[in-house]
Structure formats: C-alpha cells, structure tokens
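Heads up, the next two complexes both have chain A, just with different partners, chain B and then chain C.
So, the complex of A and B:
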C-alpha cells in the first residue's frame, strides 16, 4: 500500500518526491469515513442480528436466552404471523403504487418544465417546496386536507368519507401524500436527464418524419433511462422503509402499518426487543433484495462514476 | 399529457432558455400545465397556512380563507417551552451532523474522485449501499444499546446515528463535485512542489466551496427532517427534535387533535427550509442531480 505511485499523469517525478505517496494518502483520507460508517452503521446492524436471535429472560433481566430453535425462533414467529405478512403487503403496495405514480407525474412535470416559458426559474423553485417540506409536516398537511370537516377533499368530491378512518382509503391518502412530496424531486432528476439529450437528435428525427409520440418513445425514453433508473432506485429504497407518513397520519391504523412501523411498535412500545429486531432484519433483507435487483440493472452506471 | 409536451422545437427551446425569460410563442396548453404544477405544489401548503390561522369553532370548517384570521396558534407554540426547546435541539443536532459529515466526507470524496487507490468501486458501492439502509435496522438495536450505555435521550445519541446517512450523502454528492473541477489547477500546484494533500486543501477545497455549501444544505435538510431515529431514541424534551415534538402535540382527548397548533408549528419549521430553497434553488438542484445523469 505504501508503495510509490505508479508513474502516471504528467508530473511523475515531482509527485514521487514530496509528501505522502498518493495511494497511502488516499487510504488515509478514506479511512475516517469508513471507520465511522463501520461504527455507526455496521456495528448496530450486527448487534441487531444478535438481539434478533435472543429472547428476554426474566431471570437475568436481560437478553440472555437464545431464541430457540437455533436462535431463529423470533424469525419463525414473525414469518408465521399474519401481522408480518400484512405489513409486508402494505409496504409493497405502497412502494409500487407511489413509485409508479411519482414516476409518471414526475416525468410529465419534467417534460413541461423543459419547455421554454416566462417564469421558468420561479416554477423550478416552486417545485422544490414539497421536497423541502418535512415528511412529518407533509403528513399533518394531508391529514388536514383529507379531514372530513377541515379539509377540502370532501367538499370537492362530495360525500363524507372519513378518509383516514377506513380501509383502503387510509393507504390511498398515504400514497397520495408521498406522491405529492416526491414527484417534484423525481421531476428535477428527470429534467436534468432531459437536458443532456442533444437537441439535434430531435431535429433529425423530425426531418425523418417522426411523430411527437415516436420522438418520445424512441428518443426521449431510451436516452432518459439512466436518469430514470437512478431516480427509481432512490425512491424505491425510500418507500420500502416508509415510517414517518404512516406513523403521523394514522399510527398504522386501517391497513397502513408498514414493516418499519411494525418493527418499531414491537420493540419500542411492546418492549419485545428480539421479535422487533427480527422484523427489522427481515425488512433489511427485503430492501437488500430489491437493491440487488436494481444494481443488476444499473451496475454500469455506478461503475461509470468511479472511472476517469 | 406526457406525449403532447415533447419539445416542439427543442433547439428553439434551448436558445430561448439561454436568452433568459424571453419565450414569445408559448402555447396556451403549456400555461395550463405550468399552472397545474404550481397549484399542485403550493395549494397543500397554503391549506396548512390557512388552518394555522384558525382557532376555536373555525377549526371545524373547510373555509378557503380563515373567517377570523388570528396568530393565536403561533403565539401558543412559542409559549410552549417544549416546542422552543425542540427547535434548539434540532438546530444543534442538524448543524453538528452536517459539519462532521461534510468535513470527514470531503476527505473520502476527494480520494475517491481524484487519487489513485485500490478498490474505489467497492468503497463507493459500500457507501452508496449505506444510503439505502432501512433506518429501522439501526434504530432497533440502538434503542437497546443506547439505554445500556447512557446515550438514550441525548443529543449525541442522535448525532452518531445521523452520520449513517450524512456521511454517505456527503461523499456521494462531493465525489461528483470534485470530479468537475479541472485537473490542471491541481497539477500546476503539484508541479510547483505542493503535496497531494496541499493541493486538496489549498486548491480543490476553495474551488469546490459551492459544492461543499450545496452538500451542507442537503445534509442539513436530511438531518432536520429525520423522524424514525429521533422518535425511537428520545423520550423527553431534553433531546426531542422538532419533527417528534410536532407529531406529539396532543389534544385533551384522543379525538381532539390540535390541528391548529400543529399546523402553525409545521409552518414555522418549514420556513427555514423554504428560505434555503428560495436562496439556493440552482445549487440544490445541482446537488440532487449530481451523479444521477452522468452514467
């Protein structure tokens, strides 16, 4: 590791003569971050795995008892409970529905914002407002909007639905709130992607007689794919760990308990550390599986970032 | 809707953009779409402001404008010491997290962006994968661990786990900012006899100042917004942050949710963020899209 840098770049002689060798410096500069990440992220996760394999024991007043069988008792219990599968279903429905809605809406917004019009800068700022509003505030906001008395939704739609008090309406409100908060973020990512598509491609296609729809499906969409995939990964990972919205909107009532919320309720409110941790680890595994599937799709893009 | 908005003349659009706000032939449908975006983004926030100005019986009507606008709710939240304390806690936690995240992260980002080293791809992959971590996997064990070692319900007990998202976020954004700085300047410094680290400190850092500021803003917002860890690892006003405090405003009964004060508090804590957005719109967008479109 401490070897002198392999001669590269235009100034090899000088580089070798002064200061710490480049590779060693690189290691030194990366080490604090990696150590901190290991300490604050890796260690708790490993400890969490340990906790998830144990049961609370009244005798030692601690987590000394191995959760049988073979330490997987808490996992077995979780996988056999309807609560866990309900939460998984809610999490997946929420993720798919909100990500699809956000992508479509975000793409539409990006295509509009790409056009030239007076006040473009203002609109780009306005679009950042939902992104900047806290998730907790977003939840309170939509709670008031869907409130049967205070909100305007029932006024517009007629009827007197108690939105957050019914299933599946409560989940719908949650999906809607998430879409409001993150479609603009999606739009900005996609807008940046649209702006790097050279305009002469469109001109050429027009000369060749391509219709608006053809230009959209044959040029815009394929060239936008890298930006689209990155945006999709971010959003999917975020939606899979949804906690803030269901916690504040309904506290998980009426079919809105996500996996994160179920885990938190189990280990904090009910003090069942082992089972709660098991659900957290299962959530983690689900997220990793989805991330892995995505990375297989976009591995090339990630690699591109580290290359010169 | 999507199909009709494909640029009619992309080139014209591009030149018009360069020539700033001059767009003579804006079609009417575009204005409708733009108006729809603005309404979609702002009306919900307006509703929050509207509710926050209502008290008493007005709080059960859906009037579009408060019939008797009053600042009562705002007064009451600032007289509420647990809310003002939470504001202070949030500021301390978010600023400290941002500071550590950006400083430590900038070292790693520079090495990953510029220096020769083995396993760059793997390191960046690990860092990126941490950003996808479900916070719950950390919250559950920390809840127990912190109780045992006395970090439960403390500000430090929040700052430490906040680094799990602050560091990867900083590294990820800064890598792409550092890569945009022209190499010639560093190389000139190296020719003049500077070490690699001096080149980083004296040439790259000043040039990357806008990027560092952007990274700081984004990290700050992420920390200010955090809720799961904050609600799991705190139990009283000592360490409670603003999102938790607001979510725990209670009415006298389960069915009497104090939406008026909750809305007022929501407006108050959104204002710093909205000001940041107004001031740094371009930078925030650059930071959010960093790395996303270069693939």
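So, the complex of A and C:
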C-alpha cells in the first residue's frame, strides 16, 4: 500500500512523454460512460422518434409502414386533434398553478426550517412527510378526502360538490394534491440554497440598518436565485410530465387529461404505437423548450446581475 | 461565477433531459413493438389457416406443459396444477406467473406471442382479450374440442370465445354482477329497471360504478343490452352504438343522476367506493360484482344481514342482460405440446376442479351443474342468482380494438351522466370514435 504512490507517480509522466497524448487518454476514459449514456438515454429517444414516424396496425403490416406524409402523419394527426390541445392546455395550467403555489409555500417552509428554534428537527421531518408518500397513495388519499359522501371536505365546507366529477374542480383538486405533495421538495432544495448564504452578509446588513424585508429582498432572494432556478426547473419538468396523479384521481375525466396520460392511453391501452410515440415526442419537445426558456430568460438575467 | 452557473444549469438540464428520455423510453418499449405479421383481410373478420386442436390427441399426451397467468394470488392454480401432475404421471405441468396487473399480464403474453415463443402453452386469458389474440392467429381453434363439451357449459360463457365463427378458448371461470338490495326497505324485488329506480327514489337511491373506466362500460352495457342496444354491427365492421335503444338507456341513467336517485358523486365511483357507500347504509340498491357479498355480510357494516342479491331485472320494452367477466383457457399456436395443453385445459373444466375453485377460492364455474351442487349451495346463498345472472349475460364487444371501444363508451357515457353532453350527442361522439378505432385495424 505504502509503495503504491511511489510507483504510480512516474507512470503518467512516461505516458505523457511517449504514450497516448493526455487529451486522447481523457477522451478514451470517458468513452464507456458516454456509451452507457447513449445506450440508456439516447437510444430510447431515437427509437421513440422512429416508432412515432411509423404506422402501426394490429392486423396489417406491423411497424413497417411509413406514416405519410414524410413520416410525419402521426404528428400531423396529433397536432390537428382537439384531444392533444386540450391535454396541452391542461398540462400547462396544471404546471403553472402547481409550480407557483409550490414555490411560494416551499420558500415559506424553507425560511421557517432555516431558523434555529426548539423542535427544529421535528419540524423538518414533519414537513418532509408528504414528499415521502408515494404519488399514487397521495392520489388515493385525496380522492377519499374529496369524496362527496365519505370524505370530510364536504362535511366541513357544507354543500355536496362532486369534487372530482366537475370541471374545473377536478383540476383544482389535482393542483392541490400536487402542491401538498411537492412543496416539501421545493422547501428542501431552497433550504439547501439558504444554508450556503454566509451569515456575515446578514450581520453586515443589520449593522447598516437594513430591515427584515430589505434583507429578504436584497440578500436572500438574489443569493437564492441559483437554487430557486434549479428547483423551478426540476418541478416544472416534473409537472409537465404529470401522469400518476391524474391517472389515479380521475383517469383523465373532467378536464384532467395531461399529455403523459394521453400518450400512455394511446400507446399502451390502445396499442397505437405510432400516434402514442408522436404525442410522447411532442411532450418531450415541449419540456425541452420550457427548459431552454428558463435558461435563456432567468439565466440571462442572472448573468447580468452578477456582472453588475 | 457566471461560468459556474452555466455549468450548473447544463447539469440540471441534462438531468432533466435524461428523466424525460426515460419517460418516453418506458412508453416506447412497454408494448414490445414488434409487428403483427399476419396478412390483411379487407372483408369481415375471418381467420384463415389457424391451427385446429385435435380432441383425441390429449389421450396419449405426455411431456411438459406450461400454464401462464397473472399472479396466482388465491393459490388455487398452484394447488390444482400439483393435483394435475400427480393424476397424470406422464405430464409435468408448470405454472408461470405474470404480474398482478391485468394490462401487464396482457403485455407479457403479447410479447411472447410476437416473438413466436412457445413458452406459454396455455394462457389464462381475460375474456376481453380472447378475440384480439385470435385475430393475430396466436391461438388454437378449439371448436372441435368444444363440440362435445359445449352442452355442459353455461351457454352464455361461450360468447366470450366466439370470434369469426369459431371458438378460440375454453371458458374456465366466469363472473356476472348482481343488483344488491336492502331487503329491510324493499319487500318485493322489482321486476324492471324502471321499478328499481322508482323504489330507489322513494328510499335511499342506487349506487353503481360511474367513473370513466372499464367498470362504467359494463354498467352502461348492462342497461343498453337490456334495452335492446348493440355496440357493433353484426359483421363487426361498424359501430352500432348510436341507436335509439342505447340513447334511451343512457337517458335513463342520466335522469337518475340528475334526479338524485343515483348517489351524488356516482360519476367518480368505482367498485370499492360504491361498496363502501352501500355498506355505510346510504343506498337502497347497488350494482356490484359477487365479491361484495361476503364483505357486506361482515360484522361492522351497516347492512350486514339486511341485504339480498338479485340478477338484473328487465328493461321496460326490452329484455334482461348482464355483462360477462372471467377467464378463458386458450392454447398458444406456438405451443410445442398442444396435446398436453389440452389435457390440462380439460382438467380445469372438470366438475370436481370447478367445484373446488368455487367453494375454496370463490371463482365462479362455467359448468352449469356445479351451481346445483348441495355443497356449493350451502356455501353460497346466491349460487342460483349467480347462475341466473351468468345465463342472461352477454359478452362485451368481441373485437381486437376492444380497449378503444371501451374508452369511447365510458368517456362519453360519463360525460352524459355528469351533464356535460346530452345522451344523444354522447352516443354520436362514441359512434365516431368507435368507427375510427375500427378503421385502424
């Protein structure tokens, strides 16, 4: 063991002088990981695109038929169907509403959890419980709670609203359940961001006479932005792909069919492999566009701010 | 700082990208994308060149045979396969269990068949899949075997294996729903659906499964078939759902929701929600499967000892109906040992096995004689009602695109029940969707 560093020392030096150049060696060494990424990430995407460009028929010709025109038939069909646009609208409303609510709640939770007080550990644990619960379990739980006859929501509020049987109430319940479940996740990411802000900045601000509000808007928020941005990207992408919640809560009834649910139904239940993949690829593109917008808009602002 | 930030975002983005890719991956590989491989036929469903079973072959059967099925949760198939092996020393039968989820089971069998694998000699197929499998030429034509056996089975159960003029499986386990009613509130059981709703209105109403899923397709078709409606034309090429009978049945159901006869929230209910609603004593009638009987009689429910079951009544101006559930034994066309497969199938529809399955595992038999067995009657107070329900039952549309047909039905029926569409419009939309689905295969 002790001799190892001694003998290991000269080896890279010799390589650098007459073996493989360092740069090529580096490339060589990352190749296995790149291959693995290509295998598990790239291949499925390419295969998905390939499937989405073909016509699948149960009886006739399997996947061999090209979806005309130019392999874009399934995309054309999806983009022309009201189902797709309804699902897109639902997905976007759900994403914006739930992410905004989660961010506000998550930030509030993070600020509370950051403060040192008695029982801090208990609060941190309790806040995280909803996030630890499986989405399917969450959905079943809220479904029961919002049941017009057996749940307690109607007993408290009075009235006999069929929450999951009406539009837009069903979507509201879905946003509510998602917020309940994932605000803690937001809180966790933001708490990590808060904890890296050095406390001497706050102390300096205090000495200079900054109010609590000023400290929050001038110090906390700007320094939290990187963490906030990452949290927002994660949550937005997750929300755009929401599947399990609507599947269990309503199975897509009453204006809760998200893009993922539509794609799964088309692909898996109906075995329309081409159109189902086309919807999945369109969802994928939507997610990528939103991600790039985040980087462009928020990322650009950030760079401007740090240069100031 | 700014470079580090960029790296941060790129990492986050890549992470997100991989997650998204996995999402589309599970979509693309889930159904095992291979081709159907069969040649097209432009006329009415007709399956040519399918392998035909030879009933005499099972006499000298030996070797290995595998029964594939969903997870054997009740343990009956495991026990009975063991029994089969000791009764047939020349044959070694094996059980291969798939997932508990019905969709997964279907996918796992489909994957094997698309690969022309002989791994599953026999598959325990849900009644709604049999036509799809047959249309892909994945199954043995069982007609010659059933010719001699048919008379012992409840005739209705054969409707689920009947496709393109041949019989593609052996009905092994069946199911049909009941109308549960509170006999402390209802003195004489009503004889028509209209009376049921009248009595329900005077008492505490009715609960059924109105959420948009397979269960609602059953609930609706029970009324629609009774009213004289159909889903597909006789040649199975076109939708026949937009008929006055179906609109009438749907109007009847929608009125029930509007007038408050059906439970508030019924449009979001599946089996378990309806059962809990009924067990809490809130409804006079409930439409549900036989499994709810024993659970309702348990101590602690508000209805224990206060309810009975009856087969569905007549629809005024129409007849009686019910929807068949259950499983068929089907033999794979790629089986390397069809003789032993048939022997195993034959064993599972023998009266002794069917009786054991019923009394010990609550799986309703397809043999008519088992329902009249004294032991069975002692164990199940509702044995005769169940036999009656099964006898008046019909198969759900037998079609390779059944999942889409069912969706067209339950989504539109649900819309009509919750008042978002008129019954006439709902049936018209369903009609378009079913025709579109039929055009895809």
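Convention: the second predicted complex is superposed on the first by the 253 of 308 C-alpha atoms of A that agree within 3 Å, B and C clash if a C-alpha of one lies under 4 Å from a C-alpha of the other, contacts with A are read in each partner's own complex, and residues count from 1 in each chain.
Just so it is clear, a contact is a pair of C-beta atoms (placed from the backbone, for glycine too) under 8 Å apart; a residue touches a chain by one contact, two chains touch by 3 or more.
None of these values were measured; they are calculated from a predicted model.
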| request: Using the superposition on chain A described above, determine whether A:269 touches chain B (first), chain C (second), both, or neither. | output: second
| message | One more residue to check, A:252. First (chain B), second (chain C), both or neither? | response | second
| Which partner reaches more residues of chain A, chain B or chain C? | B
| query | Is A:160 in contact with chain B, with chain C, with both, or with neither (first, second, both, neither)? | reply | second
| request: Answer with first, second, both or neither: which of chain B and chain C does A:114 touch in the superposed model? | output: first
| query | Touching A:260 in the superposition: chain B (first), chain C (second), both, neither? | reply | both
| Should A:81 be classified as contacting the first partner (chain B), the second (chain C), both, or neither? | neither
| message | Contact-wise, after the overlay, does A:169 reach chain B, chain C, both or neither (first, second, both, neither)? | response | neither
| said: Using the superposition on chain A as set up above, list the residues of chain A that contact both chain B and chain C. | reply: 37, 40-41, 44-45, 47-48, 51, 63, 143, 147, 149-150, 226, 230, 233, 237, 241, 260, 263-264, 267-268, 273, 276-277, 280-281, 283-284, 287, 291, 302-303, 306
| field | Residue ranges of chain C in contact with chain A within the complex | value | 1-2, 5-6, 8-9, 12-13, 15-25, 27-31, 33-41, 103, 107, 132, 135-136, 211-213, 263-265, 267-268, 273, 276-277, 280, 282, 400-401, 403-404, 407, 411, 414, 418, 420, 437, 440-441
| Complex interface listing, chain A residues touching chain B | 1, 5-6, 8-11, 14-15, 18-20, 22-23, 25-27, 29-30, 32-34, 36-37, 40-41, 44-45, 47-48, 51, 63, 104, 107-109, 111-121, 123-137, 139-145, 147, 149-152, 154-155, 180, 184-185, 188-189, 192-193, 196, 199-200, 202-203, 212-213, 215-216, 220, 226-227, 230-231, 233, 237, 240-241, 243-244, 247-248, 259-260, 263-264, 267-268, 273, 276-277, 280-281, 283-284, 287, 291, 298, 300-306
| message | Can you tell me which positions in chain B touch chain A when the two form their complex? | response | 1-8, 10-14, 16-17, 21-23, 26, 30-31, 33-34, 37-38, 40-42, 44-45, 47-48, 51, 59-62, 64, 104-105, 107-108, 110-112, 115-118, 120-121, 123-145, 160-161, 163-164, 167-168, 171, 175-176, 187, 190-191, 193-198, 221, 224-225, 227-228, 231-232, 243, 246-247, 257, 259, 262-263, 266, 269-270, 273-274, 276-278, 281, 284-285, 288-289, 291-295
| remark: Seen from chain A, its contact residues with chain C in the complex are 37, 40-42, 44-45, 47-48, 51, 56-64, 143, 147-150, 160, 162-167, 226, 229-230, 233-234, 237, 241, 250-254, 260, 263-265, 267-273, 276-277, 280-281, 283-284, 287-288, 291-292, 294-295, 299, 302-303, 306-307
